[in-house]
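My questions all concern the structure below.
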Amino acid sequence: MQPDLSSYLFIGAVLFVCGVICMATKRNAIGVLMGVELVLNGANVNFVAFSKYTALGLDGQVFSLFVIVLAAAEAAVALAIVLNFYNNHLTVDVDRGNKLKG
Amino acid sequence: MFSELLNNLINNTLDKGLDYFSAELWLSGTIVVMLLMRLFSIDRLVPTFIVGLIGAAAAGWCSFGQFADLIAANDPVSVSFFGGMLRQDLFSVFFRIFLSLFLILTIALTVLTGIPDNEDAPDFYTLLFGATIGMMLMASANNLLMLFLGVEMASVPSYVMVGFLKGRKASSEASLKYVVYGAGAAGVMLYGISLVAGILGTGDMTLLADRIRVVAEGGTAGLGDPEVRTVALGVMLVMVGLAFKLSLVPFHFWCPDAFEGASAEVAGFLSVASKAGAFALLVRFCVGLSGVPETANLMTAFGVGLGVIAIITTTYGNLAAYTQNNLKRLLAYSTIAHAGYMLMAVAAMLVMLNSDQAAGLGKAINYSIGGLLYYLAVYMFMNLGAFAVIALVRNYTFNEDIDSFKGLISQSPALCITMLVCVFSLIGIPPFGGFFAKLMIFASVYQAAQIHWAMYVVLAAGAVNTIFSLFYYVRILKAMFLEERPANVKSVPLPAMEGYYVVVLAVMVALLGFLPQLVNGLSSIANEAGNAVLLVIGG
Amino acid sequence: MNPDVLLSAIIFLPALGALLLAFMDSRAVSQIRAVALGFTVATFVLTLLLWGQFKYGEAGMQMLVVKEWIPTWNVFYRLGVDGISLPLVILTSLVTMLAAVASWSINKQHKGYFILFLLLETGMLGVFLSLDFFLFFVFWEVMLLPMYFLIGVWGGPRREYAAIKFFLYTLIGGVLMLIAMLMFYFNSGGTTDSFNLIELAKAAAGTSETLTSTLSPNLQITAFVLLFIGFAIKLPAFPFHTWLPDAHVEAPTPISMILAGVLLKLGGYGIIRVAFPLCPYGAYYAAYALVGIGVFSIIYGAFAALAQTDFKRLVAYSSVSHMGYVLIGLGVWKIGEATGKTVNPDMWLMGINGAMFQMIAHGVSSAGMFFMVGVIYDRVHHRDLNQFGGLMGRMPLYSGLAAGLFFAGLGLPGLCGFIGEIFVVLSAWNYSPTLAIVAASGVILTAGYILWAMQRVYMGSEYKGPHSEDITPINGRELTVASVLLAFAIILGVFPGILFDMMQSSTGALVDSMQLGYEKAAATLNELQAMR
Amino acid sequence: MVGETLKFWLMIAWLLPLAGFVVEIFFGFYSKNPRHSKAAAWCAVGCIGIGFLCSANALRIWGNANDWCVLEVAEHSNAHADPAHSEETHDADKALADHDHSDADSAKGQTAYSGVIYTLGVFGSLEVTLDYYIDSLTLVMFTMVTLIATCIHLFAIGYMSDELTDEYVDHSAHTADGGHVHRPGRFYRFFAFMSLFCFAMLGLVLAGNIFQVFIFWELVGICSFLLIGFYTERKTASDAANKAFIMNRVGDFGFLIGLMVLWTFFGTFRFGDTVVDDQVVDQGLFSMVHRDNTGNLTREEFTGDVLITDTHGHVLTNEDGSNRQIPYYLMVVVGLGIFAGCVGKSAQFPLQTWLPDAMEGPTPVSALVHSATMVAAGVYLAGRFFPMFVQEVLLTIAYTGCITLFLAATIAMVATDIKKVLAYSTISQLGYMMLGIGVFGWAAGLFHLITHAFFKSLMFLCSGSVIYGCHHEQEMPKMGGLLWKMPITAFTMLVGVCAISGFWVPFGLEFSGYHSKDAIVASALAFNYANPAHFLLFLIPLLTAGITAFYMFRMWFYTFVGKPRDQHVHEHAHESPWVMTVPLVILAVFAWFCAYGGESGRLYLMLTGDEPAHVAAGVTAATAGGIVLPGHDAIHAVHGQAGTWALIAALSGALIAYVLYGTSVVNVEEMKRQLAGVHGFLANKWHFDELYDALFMKPAHKVAAFCAWFDGAVFDRILHSAAKATVIVSKWDRVFDENVVDGFVNLIASATQSVGTSLKVVQTGRLRQYVMFIVLGVVALFAVMFTTFPG
């Protein structure tokens, strides 16, 4: 059978949900960042799919390109920050960062 | 096709685009210069902040030139450039000026407080400028793509700046939380963008409302229609992303932690600038979605929803601030509360913009946006003033708790008077700017209430919150003026320059309250800008 | 002197003084005092000039000053004086001047004290002279700042509590007033929305050329309630009064004088200048509540005063009791069901005049009473009524003057307290015999608590409290303040005409415009009825 | 013109004491040695003395202006007072009553002058002014007050002389360590207060409107407060002062209600019309109610409301054309309200208890303030305001007076403190006056007011002289046998005693009391005949006339004759200096002869000259079984009869007193010696004594004791419990204040805090939970959107 827009969107949605859950559950900072990547890519899938099936056209693909680039940049910064966190806490367990609260 | 795109790009880039983009270009240029300085270690000879100040001033000058042109051509214009990615009108220019001015003030503050030290200065200022550019993009974004880019570009450097105090556990923790939270929010927003852009088949924000009408196939856009429902979901996800930048409840969690972890200067910068950009973006987005009868119901509902969010945010912020002892954290909550106040203006705008007598309300709608802009302008001074005082006191007492402010009046009146003015202005007591700003917001909410009763609730909530806020603001004053200076707290001998700096801020806050030319000029400009952003609806 | 210069000068001269003080050496105490006193005196002289230029028998506003302030919002710097505000302005400058003399007893941070003191005067005078709602509100809130610190820094042991309480109450009032202000602004129904109190009042009465108030009768009621609460807090009327005893007890003597002498009057002035003319229908609708609250405040305050053992608290509650008469006098507005006209308008006019007089009189007498309490407090440092006694023998002159001022508070004929109370009460029967009788019964309680207090403090065989050795005769400075106040009490009591001549044309105009306003609202209501 | 002249002289007499007060208080305080100079005293005497001359002069002018026509008219009507000619006089009086005032004035010349002194405030048509109202009553009162005041001031110079020191030792005031209070003397202050009082009292008399009366009403009240509390160191004194003022305020509360009603319905406070060259410029209250030939108020027939008329009896109308009228019951309220003020001021039942306590003040004060003038002001006002009183009010007045006079008299019988006796007798006599006015004996009541003022002030001064002579000993049981120690005092006092007892002396030398009391009793009797139901109003006064004589003579005998009971006191007793005795003599003369000629005497005729128009004719019952008020002729008819009764009562009372106190002791000794062997005769005697004792003494003492208990226990207890209740209420008031109202405010603060703390919990600082909140937030918003947004 021929895949149509809805099935792509479904995949995108699945990726999105997985990413969110990953973010919300992982204790390891790296894991959390991967969750972020999943979310972004879920969006990317949507963009590409829309660019094929709707009036969005080429713009969708441009969108996804930009997103990929930005994702890379963000990941770099995020990893740097995680490293910084590691230097101070000697762990990448996000739950250890609980000094700031209240 | 590609060539056509290229021609198109070159044409409007060369004849006007670059001109419109000059402020951002100046900032980018400054960044390059600073990096090069670092490379060739010129920064040993010339302090980096001088370059920074020059760059910021230049950017401000350019945007002022644009401003002058726009005022001179006394029929308000709103043109898109860079292939419809950005939009040039009084609104974006207003924010360019605002941001460059604020950039200058922040740099000055960092210079006075000596954070960062000469080592890190180039990196720090690079990040600062980058974030500023991002905010300027947010202010002038005309396309969902630019919306996302702007937000990211503003956020990513901020993550780093929050974590800039190296070797501080709190700082690194704060930045980690900020980055993860921000990334998550950005992801959600992006997903929303994908839905909106995909279903409506365009990224151009000015077309959104029209496309929704098309999607709704004549009928009024309701959630019965699955596509409209999806769009609504997308819109909401986008707003979640913006809500994160605005630290609206329940997307505010990063704010207190990040502010407490970050240095006071950075906190001040984030509390004002990123909010300014985000509000600009929110306004543009909402305007894009409005103005078509079919979407009226939906958007009014969104407006009321924003109003409710505003109530929750304000109340939460004011109540939570009451028990804080760390002043940065306390001000973080107050920032949340004030975001709520400003959001009231946006809600009012949405409600009025989508009412059936919107035509008659043109002025009122302008004023609601104008009120928001005025509030931001005053907020810039009063909040920066407060953070500046904290930073300066911290430099001597190495402590940001409220106890370190006890009896400060006996040692450095200038700081106390500034804090006094800022706090009274934050409460909204005349004759300080905060009062007038708050008045404008309440006024527009009142007018919106003529259209939708729910706005009366918002108005009442605003009034009640003014009283709640009293409690924790007065705690600060009480500590500074009414209590004795404890013996163990280090003294605060205030050098002249720093004194002048804060006093200037205080004076600005005061003048924005009652100096006729200033109040009048600024408010009328703000209203003009509000008018400008609405132009897209007609065309 | 050119009027617009004069009015602005009156308002901002004290602020100028504050500015000057800011640049003085904080150690030069005596110079600081001198300068501050000098500026208050100068202000007083200016207000006398104002009186000199005031034209009697003119109902409308005089010496109007209109300058553009914030055109975008159609906000104007609009000043003026009429028979209602003039006496209060003079009272303000007088009491402030005397309070400045009384401020010699302040013993720390003189510079800051006098700066705030002068700022406070600017605020008060500004409220009385401004005719633009926006300006009015700004000055109204401006007073908050100095007062908070004057109580909070120079006050007694529980000063912080008292200060925050004062702050809180006033801010609540301010916020309510703000909302009401917006209601009027956006319903002024002119080509441009307006804050102009005079025009708004005319619009409410339907006699304005520029504005046509679009405020529906029901909204009028809402607005009136908002405004009334705002002003009743300042007045203070039950149940908004509890900030008063604390603020009074904790505040230093001169500040108590100003609180009782001037600040409380702002409430009454607000009602008569803003709440009444801007929403006549609301005023009529709430009239019974006003009178009821007034009567209750009288009895309640008197009882509370009876129970006090703290001298200053007693005087504070007496203020609550006395200001109740103001509410009664303002509220006795009766409309004939059949005719739709005011029944016995002259009676109401008398009530309003009585209320105004009561405000001035109370300003003099209560300021005096607080000062007298302060004098003895400065010597023996306690205020426990049961630990005084025998002062008549120890400080005869002081006791004599105090007796005079307390009798003025008691409402003794020939002293200022009498005229206001009696005129208000006389005008009350026409409105409601029951309330009138209850109000009249106040005379017994008042006599009760004042005489009892005097007996415990001044009479008796000997002084029973601590610091007996510090009881020295009243000194020249204190004598001046007290005797000036007493002199005013007597003059006002014997020749009340001085005030009534000032006020009557303005109050008369008020009564007429209120009648018109009521008719206008009634007409609208009838139309609504017809439509249903 | 005459009015202006009278106003001029009386204003001088009125204002001089005020000037005196200012001078005395200031120069007294700032002069070199205020403690030793009598300057203040002479200043005060000078002021009031000149005041007397002025008022006397005014009296003369008034008389000449009307070439004493009043007296002529009165003589005429008096000559025809016998029943034979009563009809025509009756008609004449009717005619007089029917005519409106201007005619009446033209008939007997204008005798009442009124006008504005200055204006307090004008509110549209309403106008509050200070007026003057001068008629024969005003003038007589002025002369009486100034004369007596002068004498008393003179007396006080001597009496207060021990204040002329820097170290006055007050034996009645004790310090904590049990010692006496030592303080500088306050000679000048006493006279300053006295002058102030004179000013207030004269102002009260001169007052041209009821509001002005209220003003000076309060002023005399405060003066009495200051004078009673003159010895501020004494707790008893300051208590008494407070009690006096507050109980007066209770009365004034009623007064105030009366004022409110008057003001609301009549819109003016003036008594009489202000006439300028025969044109009425300002209408007064008295002409606003019109009386028909039956003497009743003209009323609207259906509602029964009282119509409000103009001077000529034409009904006034409101703007809407309806008649101006006042409900009848409100007329009653007005009357009772005003009378309530009088009750307080004149110490009538049930507010009488303050007056005996007021004796804490120095004796001259008791003489001037608390017997002659201030307490009489209540009666004066009742008389002045008479035209506005309706039958119900008059009846109330009558019964109040009746109860008071009996109550007080019986208490006086057992009192032993000489000043207390006089105080109670004052209350009793005031009761007589009220009764007189209540039973329509308008002139009689005021007549007694004047005479009583003279003889009562005389007796107070005498008692003062005694006390002075006995070094501030006031207890009669410690006196006795002082007759030849201080003869002038004793005999002048005897004059007073005879006067108050109302003794008859041939050749027209009757004591003044005889005439005035007869007049009252006569009115009472006539009233009794007219309304048989109210016979008590005659019997009780009659009985009390006897009691009066009894206790008065008891006092005199107790004090002056018999064996000295306290040698110490007796030895040191001495006659007072001339400054004190001269006034006694002067007053004695007036006490005896001021009513010379009785009903045809100058004084009485002066008073009747300006009596309210409807009094002469009397009032017939408005409704069946209503009250009938006797006119002049009716009273004349029973005058002789009543006089006889009263005289008998008085004589018998005096006789009993004489037997028991004057001679009884002596008698018993005498008898015992004579009848040593004669059992029967002795037994008879004995039986007689026993019988007598059982029949008269015991019951009298019982009743007196009961009344004393009743007065002391019940009224004071009521007052005290009221005071207690007040305090309790106010305590609760305070609790409420601090808990409820405050609590609410503090609640906001605490609520803010608690919510804040609970919000801390939300901000756990755990990153994963934050991110979770994004998800939850999105889901929540989505849910909300779908539930609420339009479909």
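Quick notes on this one:
Lettered A, B, C and D in written order, each chain numbered from 1.
In this text, a contact is a pair of C-beta atoms (placed from the backbone, for glycine too) under 8 Å apart; a residue touches a chain by one contact, two chains touch by 3 or more.
Because the structure is predicted, anything quoted here is derived from the model rather than measured.
Innermost chain of the displayed assembly, by C-alpha centre distance to the whole-protein C-alpha centre, is C.
Taking A-B and B-C together, the pair of chains sharing more C-beta contacts is A-B.
Annotation: 26 Å between the Cα-based centres of subunit A and subunit B.
The mean-CA centres of subunit B and subunit C are about 44 angstrom from one another, to the nearest whole unit.
Distance between subunit A and subunit D, defined via averaged C-alpha coordinates, is recorded as 100 Å. Mean C-alpha positions place subunit C and subunit D at a centre distance of 39 Å. In subunit B, 176-177, 180, 184, 188, 256-257, 323, 467 are the positions where the chain touches two or more neighbouring chains simultaneously.
Shared contact sites, meaning residues of subunit D that touch two or more other chains, fall at 748-749, 760, 763, 765, 767, 771, 774.
The set of subunit A residues that touch two or more partner chains comprises 20, 23, 32, 94, 97, 99-102. Chain pairs recorded as touching, per the definition above, are A-B, A-D, B-C, B-D, C-D. Considering their complex, residues 760, 763-768, 771-772, 774-775 of subunit D touch subunit A. Per the touch definition, subunit A reaches subunit D in the complex via residues 20, 23-27, 32, 94-95, 97-102.
Every residue of subunit B that touches subunit C in the complex is listed here, in rising order: 424, 427, 429-431, 435, 439, 442-443, 446-447, 450, 459, 463, 466-467, 470, 474, 477-478, 481-482, 514, 516, 519-520, 523-524, 527. Across the complex, subunit B is touched by residues 68-73, 137-138, 141-142, 144-145, 148-149, 152-153, 159-160, 163-164, 167-168, 171-172, 174-176, 178-179, 182-183, 185-186 of subunit C. Across the complex, subunit D is touched by residues 165, 168-169, 239, 241-243, 245, 300, 303-308, 339, 344-347, 349-350, 353, 390, 392-393, 396-397, 407, 412-414, 418-419, 422-423, 425-426, 428-430, 433, 436-437, 440-441, 443-445, 447-448, 451-452, 455, 458-462, 464, 496-497, 500, 504, 508 of subunit C.
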